[in-house]
Structure formats: C-alpha cells, structure tokens
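Quick one: this structure, given as structure tokens, is what I'll be asking you about.
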Amino acid sequence: MAELLQYFMIFLILLMIFFAIYAIKTKNLLVSVIASGFISLVASIVYLYLQAPDVAMTEAAIGAGITTLIFVIAVRKTKEKEK
Amino acid sequence: MVNPILIIAITLMAAFSIGIFQFLGKKFVKSVFWLTILFDLFAIFSIAYSFITEKIVEPIVVKIGGFAPPIGINLSVDAISSYLGFVIFFIGAGAAYHWMKKGIEDPQPKAYILILLILLGSIGIIFTQDFFNLFVFIEITSIAAYGLVASKLDGKALEASFKYLIVGSISSMLVLLGAVLLYKFYGSLNMADISSKIAVSHYSGAILIMITMFLFGLLIELEMFPMNGWALDVYEGANPAIIAILAGGIVKAFLLVFVRSAIYLKYPYLLKIALIFGLTTYMVSQFFAWKQKNARRLFGYSSVAQLGLLVLAGGFYASGILTSTSKTYMLLAIVFFVLNHSFSKSTLFFLSDLIEETEISGWKGVLRKNKLFKFMFSTSVFSIAGAPPFLGFWAKLFFILAIPQKYFFVVVLVLIGAIAEIVYYFR
Amino acid sequence: MKKIISIILLAILGMFFFNIVSAINFGSNIKKGSVSEHYIEKGINENRGSNLVTSIVVNYRGFDTLGEVTVLFLAATGLSFLLFSCKCRREFDKVISSLVLRTATSTLYPLILLFGAYIFIHGHLTPGGGFQGGAVIASGVMLLFMSFRNFNINHRELSTIESLAGISFVALGLAGLIVSNSFLANKLLPLGNWNALFSAGVIPLIYIAVGFKVGSELSGLISDMISSTKED
Amino acid sequence: MVFFLSSIVLMLIGLYAALTKRNLIKIIIGLSIMDTGINLFIISLGFVKNATAPIISLKELFKSNSLLVDVSKVVDPLPQALVLTAIVIGVAVTAMALSIVIRMYSVKKSIETDDYKELKW
C-alpha cells in the first residue's frame, strides 16, 4: 500500500511539472492560468502526503481558488491570447 | 523612553483604522496620519536620545509573545538602528508633506495607509532579529513600494513599478530560501542564535552557497550594478516624493540588514563581495551618469553610486580587518554618508519635482532665475560630491582615513569618482 | 540572446540548488537543539492547542502573522488604490449564468459561510484556521459574484469589518503588553484543557479576528477586481 | 528526494518564464509557479519519515501521563507555519502585480513587453 502511494506521488509530481511546462508554453492565457491553478491543486494533495494538512487547505483555498480567480479576471480584462 | 514595539503597534493600528476614518472625511484621515507620524518621530527620537546621553548602552531587546529569543521573535534596538529609524521617519514625514503640497493635489486616503506601512516595514527591517520576520517586513515594504511607485498611474510609473515587482519578488525569494535553509542547517531562525552556532571552519560548500544566495538577494535590493536597471527606471518614472522615501530611507534599511546579517553569519568573503560590487557599482554609475540627459535619471545614477560607496564602507566595517580606531572612523563615515545622502538626495528629488523640467539643459535656465532653488541645488550637490565644509566631505575624509594601506587603490578610485561627480553636476 | 543568458543563469542556479539539496537528508529527524523540538515537546503544555501549527503561527511567531495580515491588507489597499477610477472595462458578451448555478449558490452560500466560520473557530483544534476560513468565506462571495451579475458588495461595511478585525488583533497584542509586559503574549485568558473548544487562551480570539480580516480582504480584493469589468 | 528535485524544477521553470517571457501575465504566472515550487521545497524540508501531522489529537503521542509530546513522532511544524505565511504573501504579490498589469493595459492596450519601451527593459 505504501509503495503504491509513493508511485502515485511520483505520478503527481510528474503531472505538476508537465502542467508547469504546459502553462508557460501555451499561447492561450486562459488555458495557462487554469494549468497553473492545477499545479496548486496537485501540490495540495502532495502536501497531504507530506503530513501538512494546514498547508494543503491553504494551498487549495488560496493558491488554487483565489489566485486562479483573480488571474482569470485579469485575463478577461486584458487580452486572452499571447502574441 | 518609549517601548519600541509601540512604534510598530501604534502605526499598524493607525493604518488599520484609516479604513474606518476614510468615511468620516479627509480631515480625519489626515489628522490620524500626522498624529501617528509625530508619535513615531517622538518615540524613536526618545530612544535615540537615551542612547546619545548614554542612559543605556546595551541594545534594548523586546521579546514578543513573552518567549525568550530562539523560541519567539525578538526585536533589538541599538544606537545605530534608532538613529537610522529616525532618519527614515524624518524623510518619510518630509516626503509625505511634499506629496500633499505638490504631486497629486489630493491623495486618496489609501495613499496615507501605504506611506504609513512602507515606513513601518522599513522600521521592522531595521529592528527585527529574526530571518523569517525579516522576509515578512521586506515584503511589507516592497508591496507598499510597488503601489506607491505606480501611484502616478502613467505609462512610465506603471512600467517601473512592474519591473520593480519582478525583481523584488525574485530577491525576496532568495531571502526566503536563505532563511528556511538556515533553519534547516542550524535549527533556528534567530540571528544571534544562528550566529552562536555557526563556525567559519565548518563552512561547507552547501552552506556557503546558501548564505551567498541570501546575501545576493539583499544586494539586489541594494541596487548593485548588474542588477540595478530596475532601480534607475524607478528613479525616472516614480513620484519624486516616493523616490525620496525609497532612496533616502528604505535602501539604508537594507544596507543595515545586509551588513548585520553578514556579520551574524560570519561570512568570510564579505570584503571581496563588497569590493567587487561596491566599487564596480560606484565607478560604472559615475561613468553612466556622464551620458544622461534626463535629470532624474542622473540623480538616480548618482544615488546608486553613493550606495556602492556605502556597501564598500559597510564591507570594510564588517570585515574585521580594521583596527579599532579605524573602525570608529568607518562607522562615523557611514553615519555621515547616510545622513548626507538621505537629506541631499531627497532635496534634489524634491527640487526635480518643483522644477518641471526633465532635461538637464532646461535646469540651467530655471536655476539662474530662482535664487532659492539655486542655493538648495548647489548646497546639496556640493555636499554629495564632498566639497570641504559640508557633511559629505567629512564622510569621505573619515572613509579615507579608515581604509588600510593595502587597499590604497580604493581611495584613488573613490577620489576619481568624486571629481567626476562634481564635474557632471556642473555641466 | 536573452534566452541563452537566462538558461545559463538557471543552469548555474540549478547546480547551486542541487549542491544544497544533496547536503540535506530527506525525511530525516528533526535536528537536535532545533527550536521545533521545543514547539513540539512543550507546545501543548504552554498553549493547550492541539494544532501545533496554529500555536506556532498565532503564539510563538504571532508577530509574523501580524505582518502577514498587514501584507494582505496592503495588497487589498494597493489594489483598490491602483484600480480606483480605472476605466479598465472591456466589452465581452453577456453570459447569464445557468439556473443550476444560481439555485445551488443561493442554497449553498450560507453553508459555505458557516463552514468558513467553523474552520477558523476550530483553528486551534483541527487543521485550518483564520487564513483558510477567510479564504473559504471569500470563495463563497466569489460564487455570488459568478452567479448573480448584479451582485455588489457594500464596500463601506466590508472595510469597516476589515478595520475592526485588524484593530482588535493589535488590541489583543497590546492587552498582552499590559498584562504581562510582552506584546502578543498569551496571558490574557486561562489556558483551559487540551482538546476543548474553549481553550488555548487568546489563540482562538486572534484567529477569529484573522478570519474576519482575511475573509473581508479577499472579498474586497475580488470585488475590486470584478467591479470595473461590470457593465453599468 | 524526488520532492526536492521536483520543487527545484518547478522553481527553475517559473524563474525561466519570469525572465524570458514577453507577456506580462505570463511573467506573473511564472512567478506564481516559482512560489509553488518554493513552498513545496520548504514543506519537504520539514518532512520526517513515519511521523504524523503536527496535530496532537491522540493521547498516544504524549509521553507518559503528561502534556509533553514525543518529538520523533511528529513532523516539523515550523516549516508549515512559514509556508502558511509564504502562501498568503504570494497571493498578495500576485494581486498587486495583476492590478498593475490591468492598469498598464488601460494605458496602452497591450500586455506585451515589446510595446513598453519608454524605459529600458
């Protein structure tokens, strides 16, 4: 069981790195913002594995929720496409 | 004498309460603001005064939360930091007054909050004895600074503010990483506690890199040469009253923290870093200043050059190669440098706001017409460059006296720079 | 050119990081003589709060939290300072939110607020606290903004709540200064029993103040950002 | 170990975006990715193998019949407290940066750095 969990964590970490690269490569800013929100969301699961429930809650609520929202508003107010 | 924590508590309380007072009218906000500033000035003056009259010699240590230092956070106030705090609040009060008289005619209530908190942040930077707390106060100062730099709301100011934000975030990231790694290696965040656990002989590669990164983060905030493009943009784009606070006050707080943490961390290459960055910054900015046409950018370069000199002086002071007499001289030199630079440069920036000319060629005409401006301008320039009767001269004199024989080339370079400075100011 | 320079810079930085990391043992025990030993061993004894992170955040390093609240306050202030009288509107098509979202919001919203309050009231017992609870409350407000296009927040009340919460945080600190001569000291109230709701001295009070402050600040921040996109 | 490496990779990706991207919002996204990387790094610094979260709700964690807790059974709570602060500060900086960008857009109708040449980049 513990082994399985470790492999799952490695999968999550690879997912985070994939999303990070995707976020800075894609030209559509809205997609990029959502991808960076996903990084925070995945990170909060990783924090749970690392025995940090407080931080996981904060990251999920503030990092994935509020930050993504204000990014989306800002993108809506400016331009949605990168040159 | 006033308890130093009251300065922070009262200022914070006032900043929070402006949120309510703004609905009662501008008069209330203004009176709250000025009462707070007056209280802070009085409090910090009383602390500094008790150091001058030697009622107390030991630094005042304030424990927060009632826990002894390595467990809780503590503040410590000594003669130097109370002196610097007074300078910062004085410059801040002057700049706020100037901003209200000139600049935006009627700043919003929010502007008062930002000014109060930028001053509070820099006071915290000076007083705190805890590396993570240092990071928090650096962030308070920088976020307030981003808002204030952008306060003109035109293209230039916003651009400068954005650049400042990027560089500021990267530098505070380095500071945060440094603080946390110090905790991992030494099991504490308290400066004095870490200092007692560090031994230079045990410096491994990892620790050396970590501390270098930490100090590098502070050097970025200190506008040292390869990383100072943003600073010059800020000097050019922002409101002069804000630049006076930044260049006259906040940067000095960063200088104090840089020197202090280098001493606490027993960093072996401090003198080398100070020599490399300080001297190159000094020479390069004096050189670039020659080519400037924009008055504010010229002052900016001159300001950065002075900072280079200060970092150099701080490096010599903290490096431990000086004898005790020359150490006193160096301390005097630093104190004079800070005083001289803060006041003269602020005067110049205020002048650049009053004289509505951005190009240097336009300044000549204005200065010829207005006797008062001319007097102010020449006094501050002479003082900055170090002409005999002024403060800058004594600062440079003590600086030269303090430098040991081995580093004679430093003296030569500094003198060349000073002459160059006088020449370009009187073009 | 810029890319090459930054890649070289990053490579050097990466090497530095790798060097540091290889000196650290992942998952190793807490270093002997580290301050955390004190926090873990004596934390319950000194504070009675089950959540050690909360006792560190609010009590041992309460000054950091005060600074942190100030940073958030500063961001909300700076944001409304910058976006004040900003003509930043942009035309985009009106989308009316679906019936499902609207109905769900009107039933869920009070529950979300309640949940936020639960989180920060129980901050010293369970994971969570003022920041998390405040963020949950703000996300409830965000839901309102998303589902009702004409929704608007009363800024006057919001900023009054924010100020009062901030003032009460500092006032609790000053009360500690008066009672035991030390700012933010946890000496004002009796400590109570371990694992009880009314325990841990002033920690819950401070976290409630923080919760109100963070909630109102984040809601204000969102509403400031949204309100200039709205059509008049 | 894999947590350290991944957090360093995240940090570097974020820093790369902040340094080289020519879009203002992309730069800020880079900064926020960097923040996440740092937070992950700090949390993994405090991890202890076979230890529980620093929330003492079980009697078994106490040393015999007292309110003193056994140190080796709990992960390091201090880094978690620091990260809590760092996350909140990160969102504050992001909000500030985005408001500056919105304001810049209202002045020049562009979010590309190439269009901002008044000061040298």
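As written, the chain order gives the labels A, B, C and D, with residue 1 at the start of each chain.
Basically, a residue touches a chain if its C-beta (ideal position, glycine included) is under 8 Å from a C-beta of that chain, and two chains touch if they have at least 3 such contacts.
Treat the numbers as computed from the prediction; the structure is a model and nothing was measured.
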TODO: Could you tell me which pair, A-D or A-C, is linked by more C-beta pairs in contact?
DONE: A-D
Task: Most remote chain, CA-based centroid, reference being chain B - done: A
Task: Chain centre separation (chain A, chain C; CA means) in Å - done: 19
TODO: Determine the centre-to-centre distance between chain A and chain D, using the mean Cα coordinates as centres, and give it in whole Å.
DONE: 11
TODO: Return the distance between the CA-based centres of chain B and chain D, expressed in whole Å.
DONE: 27
- [ ] Give the residues of chain C that touch two or more other chains, as numbers and ranges in rising order.
- [x] 24, 30, 34-36, 39, 51, 53, 61, 64, 67-68, 71, 74-75, 78, 82, 88, 127, 131, 221, 225, 228
TODO: Could you tell me which residues belong to chain B and also touch two or more other chains?
DONE: 132, 136, 139, 143, 146-147, 150, 153, 181, 183-184
Open item on the list: I need the residues of chain D touching at least two other chains; which ones are they?
Closed with: 3, 15-16, 44-45, 47, 53-55, 78, 80, 84-85, 87-89, 91-93, 95-96, 98, 100-103, 105
Task: Touching pairs - complete list by chain label - done: A-C, A-D, B-C, B-D, C-D
Open item on the list: With touch defined as at the start, can you tell me which chain D residues reach chain A in the complex?
Closed with: 2-3, 6, 9-10, 13-14, 16-17, 21-23, 25-26, 28-30, 32-33, 36, 39-40, 43-44, 46-47, 51-55, 75, 80, 83-84, 87-88, 90-91, 94-95, 98, 101-102, 105, 110-112, 114
Task: chain C residues touching chain B - in the complex, by the definition given at the top - done: 16, 19-20, 22-24, 30-36, 38-39, 59-64, 66-68, 70-71, 73-75, 77-78, 80-82, 84, 156, 159-160, 162-164, 166-167, 170-171, 173-174, 176-177, 180-187
Task: Of chain C, residues touching chain A in the complex - done: 51, 53-54, 88, 90, 92, 119, 127-129, 131-132, 135-136, 138-139, 142, 218, 221-222, 225-226, 228-229
- [ ] Flag every residue of chain B that touches chain C in the complex, lowest number first.
- [x] 3, 5, 9, 12-13, 15-20, 22-23, 62-67, 70-73, 108, 110-111, 113-114, 117, 120, 124, 132-133, 136-137, 139-140, 143-144, 146-147, 150-151, 153, 181, 183-184, 187-190, 204-207, 209-210, 213
Open item on the list: Which residues of chain A touch chain D once you look at their complex with the stated criterion?
Closed with: 9-10, 13, 16-17, 20-21, 23-24, 29, 32-33, 36, 39-40, 43, 46-47, 50-55, 58-59, 62-63, 66-67, 70-71, 73-75, 77-79, 82-83
